[in-house]
Amino acid sequence: MSGPDLLLTALALLAAASGLLAVTGSRVVHCALWLVVSLGALAGVYLVLGAEVVALVQLLVYVGAVVVLVIFALMLTRAPVEPSDRLDAPKGQKLAAVVAGISVGGILAGTLIYALQDLTVKVQGEQGSARNIGRAVFSGWLLPFELLSVLLLAALVAAIAVSRHLPAEKRPGQSLTEDGGVQ
Amino acid sequence: MLTDITGTLTGVPRIDAVALLPVIAPVVALLLVLLIDAVRPVKPLLNLVTLAGLLTAAGGVAYLALEGTERSTACSIGVVVGTAGLSGPSPLPESLSPSDVGFGCSYLVSDLTLTGQAIVLVAAIGCLLLALDGPGAEDRTAHHTLLLATVAGATALAGARDLATLTVALETATLPAIGLIALRRDAQGAQAAVTLLLTAIASLGLLLLGIGLLFLATGSLYLSRIADVLASDPDEKVLVVAVAGAMFALAGIGFKISLVPFHQWTPDTYAGAPLPVAALLSTVSKAAGLTAAAVLLGIGLPALHDAWAPLIGVLAALTMTAGNLVALRQQVAVRLLAWSTVAQAGWVVLPLAASGTTRDGVREAVAASLGYLLAYVVAGLAVFAVVVLVARHHRAGEEHTLEAYRGLARTEPVASAVLAFALACLAGLPPGVMGLIAKVVALRPVVDAQLWPLAVVAALNVALALAYYLRWTALLLATTDQATPRWRLRPAEGIVLGGAAAGCVGLSIGAGTIAGLLPDLLR
Amino acid sequence: MIHLLGPAVLAAALAGIGVYGILARRNAVLVLIGAELLLNAANVLLVTASALPAGGLAGLEHSQTYHDPLIPGQVMTIFVITVAAAEIGLGLAIVLLLFRARGTVELTAVRELGEASPRHTETPS
Amino acid sequence: MTESAAILSIVLPAASAMLGLLMGRDWARDWAVLGSLGALVAAIAELVLVGTDGPVTAFGFLGRAQLGGTTIDLALRSDQLSAAVAVLVALVAFCVQIYSTAYLAGEGTPDAPTRYPAYAATVSLFTAAMMLVVHSADLVLLLIGWEVMGLASYLLVGHHSERASARAAAAKAFLVTRVGDIGVVLAVVVLIAGAGTTSISDLNRAATENEIGHGTVLTAGLLLLAGVVGKSAQFPLHIWLPDAMEGPTPVSALIHAATMVAAGVFLMARLLPLYLTVPGALQTGAVLASISMVGAALAALAQTDLKRLLAYSTISQVAYMLGAVCVASDRELGSGDPTALAAPGVLHLLSHGAFKALLFLAAGCIVHIVGSTALADMGGLWRTHRSLAVLFGIGLLGLAGIPPFGGFWSKEAVLSAADEAAHAGTWVGWTVLVAGVLTIVLTGLYAGRAWAIVAMGRDPVLPAVGDAETEEPHENPHGHSQVPVAMMLPLYLLAIPTVAFGLVLLTPFDLLHGVEIQPGTAITGALLALSGVGWAVSAPRLGTPDIAVALPVRARALLENAFYFDAVIRALVVRPVLGLARTVQMLERDVVDAYVRAVRPTTEIAGTVLRRTQTGLATGYAVWVLVGAVVLTVAGMVLV
């Protein structure tokens, strides 16, 4: 095992273990923090695999933005800070979750182990540089990129519209009930 | 001895604005809507701009269809040079074509593209008109923006020829629709949105895992390239990874078409969403899902036909049977529609089960699927138009049961006639020739491929579905003591009702349209 | 030289963990955390695959290797991260809406839309 | 010219149906009668033109439909078969429309409105649909007419919808014929898929030249046979017809005796070249026809209700036609046109149409006089209404097949055909022949019994007023002593073909060239029929006009209830499915509702289980998605 291999293994173990803690923890805030660790470790994995821009985006978007959002959401929904046993679904559902998780992971792992076995590659570090990625996006992936901006815009509009207060509460005189929209 | 070849990209791809008009027009309208809202939100203007955007897109489809040439756009361009042991770059060997080294086009205007887009746009215009005065009219800006984004995603989906565009377009057709559901901003709307959201996220995860596996196997995101690699008799390992990827991706798209077992969100979400949005989900969204499946399976993965075709058959049989069985027991109109839409989903994908490995076989199957989809969308719009009207005039609102239709033929003979005819079309009962022909069209490839068990299941399901469609129709004619008030028909709703009815009748007379769609579609 | 099996198995493990997280949680926000992990599993798979020379597994048979200037795997990963961000943003907005309307984000507590749910009524008046 | 006549014969009744409905009560009568008269004129013109100009095999009607690679040409055809049947349909329809103006005159009572405009329009609609069936050159077009006929039949059986029994009968007719109709729909689908065409002439040609797979033809043939059995009320789908007598009597005459029930036979005759390539389907038909023939005749023997007696007799007689067509595969193909082999069946169709319509309309007059359909309330018609009795008698003679009346010739033609097939040495021919001969005796018996009870019988219910009607109110509150002229006229009109049908055979047109009557068979048949009638008519010497009384009580009950087949069906099919309570409920409900209920219980459990999965728990739904993906993937990997 070479140095990069060892590093990769360590980061992978960290990512998997903290991911597992993030979905099994009984304190919501801890779960969010374990998610940060897991996603951060993944950024490391990307770096080792030669995808530096991806690693950067991972840190910026996920660790920076998404996790903050999640933590805000946890606070806004008055999630309990102390350990709670009401975070997990009922037993039957949990059993189904274990089965589904293991089988999805198992199938993927089985397929990949069969396909990759002891395949090794030389990491092309320069490939994932910002310059190359930028050129690739604007030369080859322009259409999905532009479409992505529409998606983001629409998600933004939707999130804002959804987050506004109920119109019926705001203007009680002018309601939608004529059309049965709001009970 | 390995030779290293490096490629160089030579610039921004040419974008053919005319070819992309069906995608660009809704996006431009979306931006205009936001702009108008920021400057001075005049309601009629917002409606007008949105409608104009959809009509422009439809005009674009019509123009491209009339023009008839195949256009491809958003193609990656560049030169590939070898550098192996040489001092300078040398030209590419003759034996390699650009597609061999990974270049391709993201968007293609073909018959498949245009048919998918036409169905989406017809449905979207209907849903927009239904929504103009309905619930959520307060949130006009948000509603129109999200509807336009959904449409842009769905039209882009039909033309997408690489997996990145496909994924992004699929999400663009899904996420705004979830936003539309949540626009009700009450508990039920939120719950309906959460239900769809979680299914959509889980499905997105599956789709992306599938795409990851397909990419791992073939090294490309371009569907034509994937098809070539898989058709060139690859290694066992490649095949296994690709099949796993194909199946994950199929499972990731299945929820959009409401295929069993990915259908579970459907009834709950329909029940919790505003009715015009439910109409959108059952028409635009389903059309998007089917085009996604057709593009992925028909263009990208025909070589794996042996793996996916039988499974599609099983899914289709399960879907129509489960949908019909539960629909039999529904009382609430919109829930009945939800389950019937599940059942119809089975019919929509049924022909794909019989697509052969040959180009012609796949073409015929996809054409039959789209033909059925067209008939379903037109009839579905007609039914939804009447249901929206009943919801507006019945005290139970959108949760009205079928009892609300008792004796409707007396007070609203025209709307009842439209509903009865559309239901007959959905059931495939003789006056609804359109539906009958569509069912025959959908069954034809199955019978040709001699998949008798599947054909028998489908035939039994026709009988099963008759029961609830007839029950509904019969209620229209039943006697009632309740005096129902006459309706106030708003112009927009009148247009949808009349248009959809005309569509049902027109397609019943010119049923050849359904059967003769897409002379040469698969690119 | 790097073994690719490691990150590939990591992707599988994260997928399994993500699936478990989506299914086993009652709190909607935590469900979204599980979804994040599932999407990240796909990302790891894409980045891993992108470390192969162009042509993927099928290309390994050929004598020539080259590197795809379009870097599809990594570009796709960035797209996925963005899609996921949009998805999570809207998702959290909807979860907050659910909280405002129902006072809870426990999915087991807000299920009147289900037909088999005890809260469901067959024929609303 | 021929084309225009054929199209007019379809369009005129359809237009009169529409106009009659649109223009209201005052005009309904005129439109209905005019429409059917127009159709009659058009049909006669068509028959003459076909005779002079020869047949037209296909001419455009509703354009064509493109179905994938299959073009469906919604065209009509006109040949002697269609023209002859069209004349019969138009004639009976015309008679029925005239008859109905009096039968359903007035507004009725609030409890039992007559609803004449709707009734007349539906009859016109039915006429148009039957004309469409008769003239269709394509199975899809035929199917449209077929369905409209079924719809009109349903509406007319349930015409007195204020009566629970009428609603139940309509429901039963709808459900039972639907079972058969599904067969026709499936057959069309099979043919489109397997043969790529639904054009009747193409199908016949392609099947004869072995261009279609044998399996396809056999499947389609058997499926179509199911439709024929349903529509023509043959065993085991015959149970709807006796109950359909709840409809107004003229409707019974038109739809449930002369035309619609014979449409199945017509369809078989049309597709005979196709059927000849699959003898298995014909043999099945022959067996069913033989069972229907004897069984229904036995049941008719013990009926206590005049209309039900006639209904069972219809089943029995239609079985003759079907049997005649079904022995075709064992007969020698003479002049090359295989359709000629169907000639005996078609001949019986035509003669039966005339005499059975006459019988039903006469029965309607009798019911009008007596105010009841029960045989027990009738008697002495000969003494009270002699001319009506004579007309009724002519009908019965036709039915019994006494020479020289209509039924004799056609029935002997059928028997001769069966005889020929039997002498070719096949069991099918023997089966039909034996059943046919047996049925002749039975027919004579029940025809004679009807005569003995109705015309002779005990003292009449009414005071003997004869044909010299009195205006005085009479003792029977429901009956009338006087029969309106509009109800008598059609009887005279229909009596003509019944008496003079034999003349057709003197100058047979091409269609009937296949008809041969062997003297031996004919004489035997006539003697048997005569002996049957003689037995029955001599019954009054037993002290009762009803020969059925001579039967043991048990046997009588068995026959009267038609071997309890209804009950058997109920026990074997309906009850296990529905449960007794649901059966009762079903009969009370509307037709469609009944259908829904019929499917429901079988699917209830499945539906409930599936509904259970809708827990409302969003992550629970995700379980399905993810597990579904796993199953799909594993299955996919197994498949590759």
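To keep things simple, chains are lettered A, B, C and D as they appear, and every chain counts its residues starting from 1.
Keep in mind that, in the parts below, a residue touches a chain if its C-beta (ideal position, glycine included) is under 8 Å from a C-beta of that chain, and two chains touch if they have at least 3 such contacts.
Composition by chain, UniProt nomenclature: A = NADH-quinone oxidoreductase subunit J; B = NADH-quinone oxidoreductase subunit N; C = NADH-quinone oxidoreductase subunit K; D = NADH-quinone oxidoreductase subunit L.
Source: prediction; values computed, not measured.
J.: Find the most central chain, measuring centrality by the gap between its CA centroid and the centroid of all protein CA atoms shown.
T.: B
J.: If you average the CA atoms of chain A and of chain B, how far apart do the two points sit, in angstrom?
T.: 27
J.: Report, in whole Å, the distance between the mean C-alpha point of chain A and the mean C-alpha point of chain D.
T.: Centres of chain A and chain D (C-alpha means) sit 70 Å apart.
J.: Compute the distance, rounded to whole Å, between the mean C-alpha positions of chain B and chain C.
T.: Result: the chain centres lie 23 Å from each other.
J.: Just how far, in Å, is the C-alpha centre of chain D from the one of chain B?
T.: Between these chains, centre-to-centre, one finds 47 Å.
J.: Give me the residue numbers in chain A that touch at least two other chains, ranges are fine.
T.: As it turns out, chain A has residues touching two or more other chains at 89, 93, 96-97, 100, 104, 107-108, 111-112, 115, 135-136, 139-141, 144, 148, 151, 155, 158-160, 162, 166.
J.: Counting only residues that touch at least two other chains, what does the list for chain C look like?
T.: Residues 11, 15, 18-19, 22-25, 31-32, 41, 43, 45, 48, 50, 52-53, 57, 67, 69-70, 72, 75, 79, 83, 86-87, 90, 93-95, 97, 107-108, 111-115 of chain C each touch two or more of the other chains.
J.: Tell me, which residues of chain B touch at least two other chains?
T.: 9, 76, 78, 103, 164, 167-168, 171, 175, 178-179, 182, 185-186, 188, 191, 193-195, 197-198, 202, 209, 213, 216-217, 237-238, 240-241, 244, 267-268
J.: Chain contact topology under the given definition, line, ring, star, complete or other?
T.: Per interface graph, the chains form a complete graph.
J.: Residue numbers of chain A touching chain D in their complex, please.
T.: Against chain D, chain A makes touches at 89, 93, 96-97, 99-100, 103-104, 107, 111.
J.: Show which residues of chain C lie in contact with chain A when the two form their complex.
T.: Residues 1-27, 29-30, 32-34, 36-37, 40-41, 43-45, 47-48, 50-53, 57, 60, 67, 69-72, 74-75, 77-79, 81-90, 92-97, 99-100, 105-108.
J.: In their complex, what parts of chain B are in touch with chain C?
T.: 1-9, 76, 78, 80, 101-103, 163-164, 167-168, 171, 175, 178-179, 182, 185-195, 197-198, 200-202, 204-205, 208-209, 211-213, 215-221, 229, 232, 234-235, 237-238, 241, 267-269, 271-272, 331-332, 335, 396, 399, 401, 403
J.: Which residues of chain A touch chain B in the complex?
T.: Spelled out, the residues of chain A in touch with chain B are 107-108, 111-112, 114-115, 135-136, 138-144, 147-148, 150-151, 153-155, 157-162, 164, 166-167, 176, 179-183.
J.: In their complex, what parts of chain C are in touch with chain D?
T.: Of all residues in chain C, those touching chain D are 19, 22-25, 31, 107-108, 111-117, 119-120.
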